[in-house]
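What follows is chain A paired twice: with chain B in the first complex and chain C in the second.
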Partner chain A sequence: MEKVFINSIGSISAQKTFDNNDFLEEITTYEDNVISAIEPNYKDFIPPAAARRMAKGIKMGVVAAKIAIEEANLTNVDAIITGTGMGCVRDSEKFVTAILDNQEQFLTPTSFIQSTHNTVAGQIALGIGCKGYNFTYVHSSVSFESALLDALMQLQTKEAENILIGGVDESGEHTNAIHKLIHHIKPEKINSNKLLQSNTEGAVFGEGANFFVLSNNKQNSSYAQILGVKTFNTLPQSELATNLEEFLKNNNLSVDDIDVLISGNNGDLNFDNYYLELSKGLFKNTQQVYYKHLSGEFNTASSFGFWVGAKILKSQHIPSEITLNTIKSKGFGTVLLYNQYRGKNHSFTLLRQC
Partner chain B sequence: MSKGVAITGMGIISAIGNNVAENYRSLIAGRTGISQISKIDTLHKDSIMVGEIEFTNRELEGKLGLSPNNNYSRTALLGAIAAKEAIADAKILDIKAYRTGIISSTSVGGMDMTEKYYYDYLESGDNRRYIEGHHAGDSTEKIAEQLGIDQSLVTTISTACSSAANAIMFGARLIKTGQLDRVIVGGADCLSKFTINGFKTLMILSDTHSTPFDENRKGLNLGEAAAYLVLESEMLVKKENKKVLGYVAGYGNANDAFHQTASSENGDGATLSMEKALTVAGLKPKDIDYINAHGTATGNNDLSEGRAIIRVFGKEVPEFSSTKAFTGHTLAAAGAIEAVYAILSLQNNIIYPNLNFKTPMKEFTLIPETTLKEKVLNTVLSNSLGFGGNCSTLIFSKNP
Partner chain C sequence: MSDLKQELKEKIITQLNLEDIAIDEIADNDSLFGDGLGLDSIDALELIVMLDKDYGIKLTDPKEGKKIFESIEVMSNYITTHRTK
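On to the complex of A and B.
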């Protein structure tokens, strides 16, 4: 099987991450329960006329993809595979609102077209003229990992050489309002540094786009090697450790080989216990990192975690704002990511320094 | 070339039948499921025709034995019914005996409930349980739960009208690469005001029965449906001595990269996806015995797909037909619906009629089969083409 590398990255998040030379040097702290992406000047990347028509999710996705493709020193890729939990949800909201408010009259197609989940992958293909494989996974918190698994399979078997993958979700007003009502969003505005001490239910919702070029050719720009990814629709807390050890064993690794655990904690009183199971159990002597206080929670927030992992391995540096404990590894060789949302759709991802 | 992936079970619910046997009976009787819409109170009810499933949500909930306070969207209800039939057909008694996953697909997801309770959610707590049922992965999670699939690979694909074909493709690759021993693949989509109005704004809905590949075609009929296949590894098939219904022999996916909703005039994407599928199957165009075309009856699709077929098959285009005039265009589910029909074609050596065809298109000489035809079939090629330039082709075969 061919080795697979992360050759480039492109990120738009609630932090200023669109400049690849920077690794969270300047942190934006929030006091809120819904946070927005810090957007680049889109005009630097897309013609203004095109940008005006695009939904925020499309703009974030297209630009993050563009940054990644450029850093990989490519103009095209063999395949585009995206993950999105909700697609361009603002356009879904706009179209539903228009149907209801105008009794199915006077509708225009733009928001319907943009609401389809594959619109970002389609727009990226259109932008770079990529006629290759084009897939979109839409399965809650494993949307990005499904895209990753698909790409990994194709690169390991040499069906493709360069694949663009990405996770993208935008935040929508109505969606946020109703998720507050069912307590998936925290009732209180909270300082991002205190997210894990909230002791309340729900998460701080966010948005963003994180794209990567994966390849079976290592090059100067490469960030890390991807060893494996595994997803589970359900996983009782009592079986988390066993399944994780088995995953590591299948990759010829053990807990001691992991230098950094990147955890998807979102401060939800009801579900962070999964993360505690690992941080206080198997990995209590391992350096730990978290990131959702910086990105917010969204279906593809784990793609931001993946970005953090890639950055750590390339820079061999961990910014103090993302450390979860005081343990310091001597070097960062192997990184494990664990994520789940509301106790479902769990994923393990393994990265190695290259 | 590597061997095809075995199909050991299938299940379906559509406007022409509530299971595989009923669907087949309607297909060979030439009986369409297209009618006026009855279950959604839409302004457009007199100006569109749809492929609607006869059961109400309440009836479907009853069949699944769900409690009255369940939060199943109609997509999830239809999906669960079809997936259960597929599992029974594959005679799976212990789903946990092998590494089993599910790859489903949908475009509508839980939008039917969202559009119903959109403002109500803000005012009252009565229906808020459906909020969690909105996202596209929810119906898949529910189907997994209904089938007893846990701690496993469960995911959802949404690539508009090619979604289920892509779910079948990804599932076949998961079996080939040994990630899973068994995978349930397919898709589900219910009708909703959202899609009806969406397609209406694109002005591609016919006000009467759709007429695929006809010069005077006026657009598509929307439909609702769900269908699933069970794919099993060679090891499992041998070990359990499973009856194999057919094989996924080839698959190809390409992007038209032409326009967000329209297909390119020359069908670049569809040409590429058919060529890729033939390569994966190790077949030449002359080896294809029947094409179940995407054939939505929109002006754009049938021209683009027809040209792509000519580009791939040249002067020797095999018999082809679209079954959309039976079921309506069932969007994300279409690829799975037509996969079931392709397997039934192979099993029965039958080519279905392309209903409502009268006048050949002026751009080319392609003429679909208009009557039921018997022919020894070893391979069937099935196209699914969608928004966002997504083009997918599957090739099914009788033999591995």
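On to the complex of A and C.
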């Protein structure tokens, strides 16, 4: 099978990540239970006529994709595969609210047209003129990993040469209000630096778009090699360690081969036990990193973790703001990412320095 | 400028998300579609809904829209004559 490389990245998140020359050099600290993405000047990337109908999620996705495609030194790709948990939720909220407010009369087309989950992948394709495979996975917190797995298989079997993948989710006011009601969002405002010490239920919600060009061809811009990805819809905590060891074994690795564990802890009292199972168990002697205090939790937040992994492997540096323990690896050769949301939709992803 | 023309310009800018255009940049006789403001068929649908919702005017023949939405001047005259609210 062909090797697969991350040749470029593009990120818009609650941190200033849209400049690929930086790696979390300037950290924005929040004191809230919902945090927003820091946006670039969209006019630098999208013509005003095209941008005027785009909600935030579409703009974030289109711009992150443009940054990634440009860094890969490409003008087009063979396929575009995105993952999103909620799709274009702002436009969905807009047209559903209009239906209710106007007694199902006077419905306008724009928000309906732009509200589909595949709008971001569609707009990227329209922007670069890509007539290739265009697909969007909607699968809660493994939406991004589903897109990654699809691209990985196509590249390993040489069905494509360059594939753009991405995870994108925007924050919607009404959706967040519902998540607050059911305590999926923390009731209290939390300082980003104290997220894991909050000891309360729920997460701090966020939003963002993280895109990557994956390719068979390693080049100067390459960040890392992707070794494997595995997803689970359900995985009891008691079976987590054995399944992870099995995953590593299938990739000819063991726990001792992992230099850094990138963990998706979100500070939820009820579900961080999964992460603790690994950090205090199999990986107690491994350097650990976390990131959701910087990005917030959303269905494709793990794509930000993937961005962090790629950056660590290329720069061979871990910013102090994301360290989870005091152990220091001698070098960063192999990185493992583990993520789950509310005890479901788990993913393991393996990256290697290239 | 009449109140209605001013109102129409404000609504067009807001509802069609024309963020970069100021009210005084739209002349009463500027074409709304094509070389003028550059509106398109989706905008036409938005304007048809706006006429119905805000002025009680139902356009049964979409071809009518082409004439009515020619400019702010033409729209304003049509609304003044046909409005039911």
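Definition applied: the second predicted complex is superposed on the first by the 354 of 354 C-alpha atoms of A that agree within 3 Å, B and C clash if a C-alpha of one lies under 4 Å from a C-alpha of the other, contacts with A are read in each partner's own complex, and residues count from 1 in each chain.
Methods note: contacts are C-beta pairs under 8 Å (C-beta built on N, C-alpha and C of every residue); 3 or more make two chains touch, one makes a residue touch a chain.
On a predicted model such as this, the values are computed, not experimentally measured, just so you know.
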Is chain A touched at more residues by chain B or by chain C? B
With the two complexes superposed on chain A, say which partner A:232 touches: chain B (first), chain C (second), both, or neither. first
Scan A:107 for contacts with chain B and chain C and give back first, second, both or neither. both
Classify the contacts of A:116 with the two partner chains as first (chain B alone), second (chain C alone), both, or neither. first
Considering only touches as defined above, state whether A:251 meets chain B (first), chain C (second), both or neither. neither
Scan A:217 for contacts with chain B and chain C and give back first, second, both or neither. neither
Under the stated touch criterion, which partner chain does A:49 make contact with: chain B (first), chain C (second), both, or neither? second
Do any residues of chain A touch both chain B and chain C, and if so, which are they? 105, 107-109, 113
Touching residues on chain A, where the partner in the complex is chain B: 80, 85-87, 92, 95-97, 99-100, 103-105, 107-109, 112-113, 115-119, 121-123, 125-126, 129-140, 142-143, 146, 149-150, 153, 156-157, 174, 177-179, 181-182, 230-235, 239, 243, 299, 344-345
In the complex, chain A residues that touch chain C: 48-49, 52-53, 102, 105-110, 113
Chain A-facing residues of chain C, complex: 15-20, 38, 42, 45-46, 49, 52-53
Of all residues in chain B, which touch chain A in the complex? 42-44, 106-107, 109, 111, 114-115, 118-119, 121-122, 125, 128, 131-132, 135-138, 140-141, 144, 149-160, 166, 170, 173-174, 177, 179, 193-194, 197-198, 200-202, 253-261, 268-269, 272, 386-390
